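Order of writing sets the chain letters: A, B, C, D, E and F. Residues in each chain are counted from 1.
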Amino acid sequence: MSMNNLGIVRRSIERAERSAVAELARFGVATIHEAMGRVGLMKPSIRPIYPGAHVCGTAVTVLLQPGDNWMLHVAAEQLQDGDVVVAACTTDTDDGYFGDLLATSFRARGGRGLIIDGGVRDVKDLAAMQFPVFSRAISARGTVKATLGSVNVPVVCAGALVHPGDVVIADDDGVVVVPAAIARQAADAAAAREASEADKRKRLAAGELGLDMYRMREPLAKAGLKYVD
Amino acid sequence: MSMNNLGIVRRSIERAERSAVAELARFGVATIHEAMGRVGLMKPSIRPIYPGAHVCGTAVTVLLQPGDNWMLHVAAEQLQDGDVVVAACTTDTDDGYFGDLLATSFRARGGRGLIIDGGVRDVKDLAAMQFPVFSRAISARGTVKATLGSVNVPVVCAGALVHPGDVVIADDDGVVVVPAAIARQAADAAAAREASEADKRKRLAAGELGLDMYRMREPLAKAGLKYVD
Amino acid sequence: MSMNNLGIVRRSIERAERSAVAELARFGVATIHEAMGRVGLMKPSIRPIYPGAHVCGTAVTVLLQPGDNWMLHVAAEQLQDGDVVVAACTTDTDDGYFGDLLATSFRARGGRGLIIDGGVRDVKDLAAMQFPVFSRAISARGTVKATLGSVNVPVVCAGALVHPGDVVIADDDGVVVVPAAIARQAADAAAAREASEADKRKRLAAGELGLDMYRMREPLAKAGLKYVD
Amino acid sequence: MSMNNLGIVRRSIERAERSAVAELARFGVATIHEAMGRVGLMKPSIRPIYPGAHVCGTAVTVLLQPGDNWMLHVAAEQLQDGDVVVAACTTDTDDGYFGDLLATSFRARGGRGLIIDGGVRDVKDLAAMQFPVFSRAISARGTVKATLGSVNVPVVCAGALVHPGDVVIADDDGVVVVPAAIARQAADAAAAREASEADKRKRLAAGELGLDMYRMREPLAKAGLKYVD
Amino acid sequence: MSMNNLGIVRRSIERAERSAVAELARFGVATIHEAMGRVGLMKPSIRPIYPGAHVCGTAVTVLLQPGDNWMLHVAAEQLQDGDVVVAACTTDTDDGYFGDLLATSFRARGGRGLIIDGGVRDVKDLAAMQFPVFSRAISARGTVKATLGSVNVPVVCAGALVHPGDVVIADDDGVVVVPAAIARQAADAAAAREASEADKRKRLAAGELGLDMYRMREPLAKAGLKYVD
Amino acid sequence: MSMNNLGIVRRSIERAERSAVAELARFGVATIHEAMGRVGLMKPSIRPIYPGAHVCGTAVTVLLQPGDNWMLHVAAEQLQDGDVVVAACTTDTDDGYFGDLLATSFRARGGRGLIIDGGVRDVKDLAAMQFPVFSRAISARGTVKATLGSVNVPVVCAGALVHPGDVVIADDDGVVVVPAAIARQAADAAAAREASEADKRKRLAAGELGLDMYRMREPLAKAGLKYVD
């Protein structure tokens, strides 16, 4: 029995229900993160490579070796329409694992975007293609194709555990992962949260204080807050 | 006697003279920093969340606890027209302490912007609102409301000491703090500096060398500079 | 005999052949880096100060002392049309060594841009001037003119060795250095690479897999890759 | 159904077989990591707080909130003899979540050490107690007890997924996690590796080259390595 | 009127009461920080240069310019027996501002140690001298003597505001600043805290749980903590 | 003609004169750095893996690929008595490229130590062997042997240019590189500096101020320093 998940490509994965994914696509990352009870975020080191990049899809996961992008080519074959590639690396590096050629290939196979805890390049072309990429770095550094990683195994990407088929949503605020099994539930909770926020926004815009709207005055006083002149 | 400034909200603060603030608003951060004799800057880790963000106003200071944005709600009530919230944290974290709801509330109360040595979220909405925010990070991570900090006490924010009522100016180059007592003097010095720079710019554009314009050749030679072929 | 290269300005340097520079200007940083066999890059910490900044030219090198920009003024006199200033520092600091006045001077003397392993300021003005700057930081912090560095000595800038006269190309993907002696050869190799990529892009866009196009299936199998369901 | 694992303490966890844990305790972190096929490591940001710290035991996992160590107190009750506490945090902070009082409590309940992706304090006392702690930081900063995290849920700690009951081994080289189900297999593989290394060490000490011992000359030549004078 | 505190040496400063300093010297940094209500700490980036370094004394403050240690020489003259030099810098750099010669001078003038938000060198000699130094870096890089900073002005050092004469205590856990005016009160509070900890340590060592000793079970249940099997 | 130095092993290199190396071994890194006129240092990110590590020898240089230590094995064959391996990497990573087996091999072939801009492991064993290693990280992460780098080409290691045969000196203060051609001159200058420091140390220990000894009072006054009470 193998003691690790290296050198493996899993072909059949269970993707989150398509309609739940579509529902989640309507919400921002912060809203979904809150709706799930403040979990699921990747670290804030993962940033969009162009302003306004946004993606929502089902994860095809990749585990890369340092300075080696072989598995991204392997992953391309496993893509279905609506997938987002989520690439972790066994080691923190900023190398440019991905560029416009791979983006062209991913898109041709149904891929909607890339989340990578590593670097990417050709960012001007990627922006022109409007292919959403979220990465820890931008680097022109090329990579080799020499050592096996894996495709569609569970990975830890930028501090978040991602299973193949999970929903991944990324926007200017970061990246959130929704386990496939709770995609519908998370979408419903996000919708509820968004509805409640609209009302709050209106009241705050009218000058009502959060202190009153959220009834904070009593707990603040109880905690000992003192007003002085 | 309390040994710290925690759990306190100071309601009456002395804001810098309004006309001096208006004067300072005309100048860039670098100019004001130079005019004061190269002091007053926050660390360059504080960056605008959208290009072109710019703000000048009087500081309402906040001291936050890690992962806790309770005091931002408390601060909203202390805002007057023309204020900028300056939020320090007892600990370095990138959590998303602030988003579009608080921005809506701050603006409704007269707040002009936010400087925070922490993270913020809803950055797309904040950009759409043109609500200027300068932060150390962007993160969707939510925060709690459980532990007291303070409002309108002196804080150290990104390496700069800020008293409530000081003038804070922020643009693409960073953030500078002008103590309320010297706001007028700093504005005058900035105006003088800007005037002198216009002439220099013209001469340099015409091909004159800084070596000559600033009379550097003699001190360089004295320091031992050698020209070789 | 001096044991270091400090306090020296070299006036006569051998610049890369002008036509080769023009040729290289047509290609992106990633392409040139790959064409040379994956060498020549500066670290990814050097970033453009505005999106779309791009420059290609011959290096006039500068070695700065921490918090001291004296040598940038000295360098201005050594500029010829088509030069790019490459500024290293004896120490890592983020101070703002460069702003719009120096940019005005550099441009007036033929300078095309700046690569600096330090900070810069006046970034809004620099963007408005479309003067391409690539730096490790943005900071309003001013610098002094007190200690000698050098101009046109070999420098290590952001991890890359740069000789005066080398070609430096910078775009959204980073910065690459091409030794003057191989500028023509690198340009030819970049052209060849770009030609071959156009065909690959077309095939990938049509849905062909990199696995097949690059004939990776056999080496992957030999390395032990396993497909499972 | 809850969408997250917050606010939960799991009392009954399946610990790795005791004899396998004892076996693993004989080996270093690097050996075990290699024996499993190069997996299982936490990031190198986790360091021992005193030289020579070493621990091997079964994980009781903790998920902390930023600047809040409440759950460490909750975890103490769940400890059994031979356990090691593995504490992740929902946010990266360096606060001092742990000190000599908690160490005293952990040890009294059977705890053998602590791995924490956060800060600790009282390090002089901890060293005097020889209580092994591996942390991302040392900080005197105190924490509150206000917000729920969890105990004995799966956590991602410094980039590694840890389930309660897994074996955790930490020494000067870092921290490795061995899933409970393969503890025996990993121990056997580590033993095999160590045996083979002893022979290699002897041959290398006698001056034999790795090039010959590992038969690298042919693959190096095939890869194109050139010897020049 | 000067708009900054540069170029100034204040000769007469009010040092904290000597007996209060002696009292504070008995306690660790974490204890004093807690006793003051969790304030006063420098950032954890400041570390002792040798294990076991410990110092307590009254601050003589220094503001340095980047790569320039002139003001440390100026500070030497201002030292009185029992002083600790606290050196901030206008810019973050790791240069080696201080070495064994300055330590010899400081000690000869009554100086007890150094806290510096910069680098130091000759660390082997400093350890041999048992001259306690706490710094952000170790670096052999030399510095110049060209630009004025200040001595005995208020400084922000590693995030903490320090006035000349304040008490500074540093040990393996970090550095804490006690304002001169509350030195006695802080010492008393630290003594009280230490006394209460001794009892707690004994109870925890006997196996009592913090959950019970601190009466946490009820608030945890109220917060919603669930125990599951 | 190759455009890069990859895939090359240079067998005949010109090492610095043996007696000059022996002379340099008597001095600390800071002294040599100063004696050469404040040049030659690697970045302070390179630290000894155990306190008191010290090495002086002639450089055998290695250029590594990320996560690949093949070239270290190739380098072993090129070692002569008194050599120190200086390993740069094309990419910043913290992987554990080196451990006790390679140290055993290096030592058996005459190697005296290792400077590496990457990670190492087996640090307890390396300390027990007293094999001096200076690295940017400690990590148990294993590496592959798949991609060619080079041996004995000029490399940029931690910001310093190193040619094969240069003298490399490393101690607790960092790492300095002395070009082979000036080894003798640097040794002489270091000796002169050390002699002059002994006298200064004595005078400072007797209470004389640097202000007087270095005649700083006049230049300080000229620069505008003001003493106030």
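The definition used in the following text is that a contact is a pair of C-beta atoms (placed from the backbone, for glycine too) under 8 Å apart; a residue touches a chain by one contact, two chains touch by 3 or more.
Predicted, not measured: the structure shown is a model, and the values here were computed from it.
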| field | Shortest walk length in steps over touching chains, chain B through to chain D | value | 1
| request: Go through the assembly and pull out the chains touching chain B as well as chain E. | output: C, D
| How many angstrom between the C-alpha centroids of chain E and chain D? | 32
| field | Approximate Å spacing (C-alpha centroids) for the pair chain C, chain D | value | 41
| Whole-Å distance, chain C centre to chain F centre, using C-alpha means? | 27
| task | Find every residue in chain F that makes contact with two or more other chains and list them. | result | 38, 90, 92, 94, 141, 147
| task | All pairs of touching chains, please: list them by chain label. | result | A-B, A-C, A-D, A-F, B-C, B-D, B-E, C-E, C-F, D-E, D-F, E-F
| Considering the complex alone, what residue numbers of chain B touch chain E? | 1-6, 35-40, 43, 90, 92, 154, 156, 159-161, 182, 185-186, 189
| message | Using the touch definition from the top, list the residues of chain F that touch chain E in their complex. | response | 28-30, 33-34, 38, 41, 44, 47, 51-52, 171-174, 176, 197, 200-201, 204-207, 209-211, 214, 216, 219-220, 223-229
| said: Which stretch or stretches of chain F touch chain D in the complex? | reply: 7-12, 50, 70, 73-74, 76-77, 94, 96, 99-102, 104-105, 107-109, 119, 121-124, 137-142, 145, 147-148
| In their shared complex, at which residues does chain C touch chain E? | 65-68, 90-95, 141, 144, 146-147
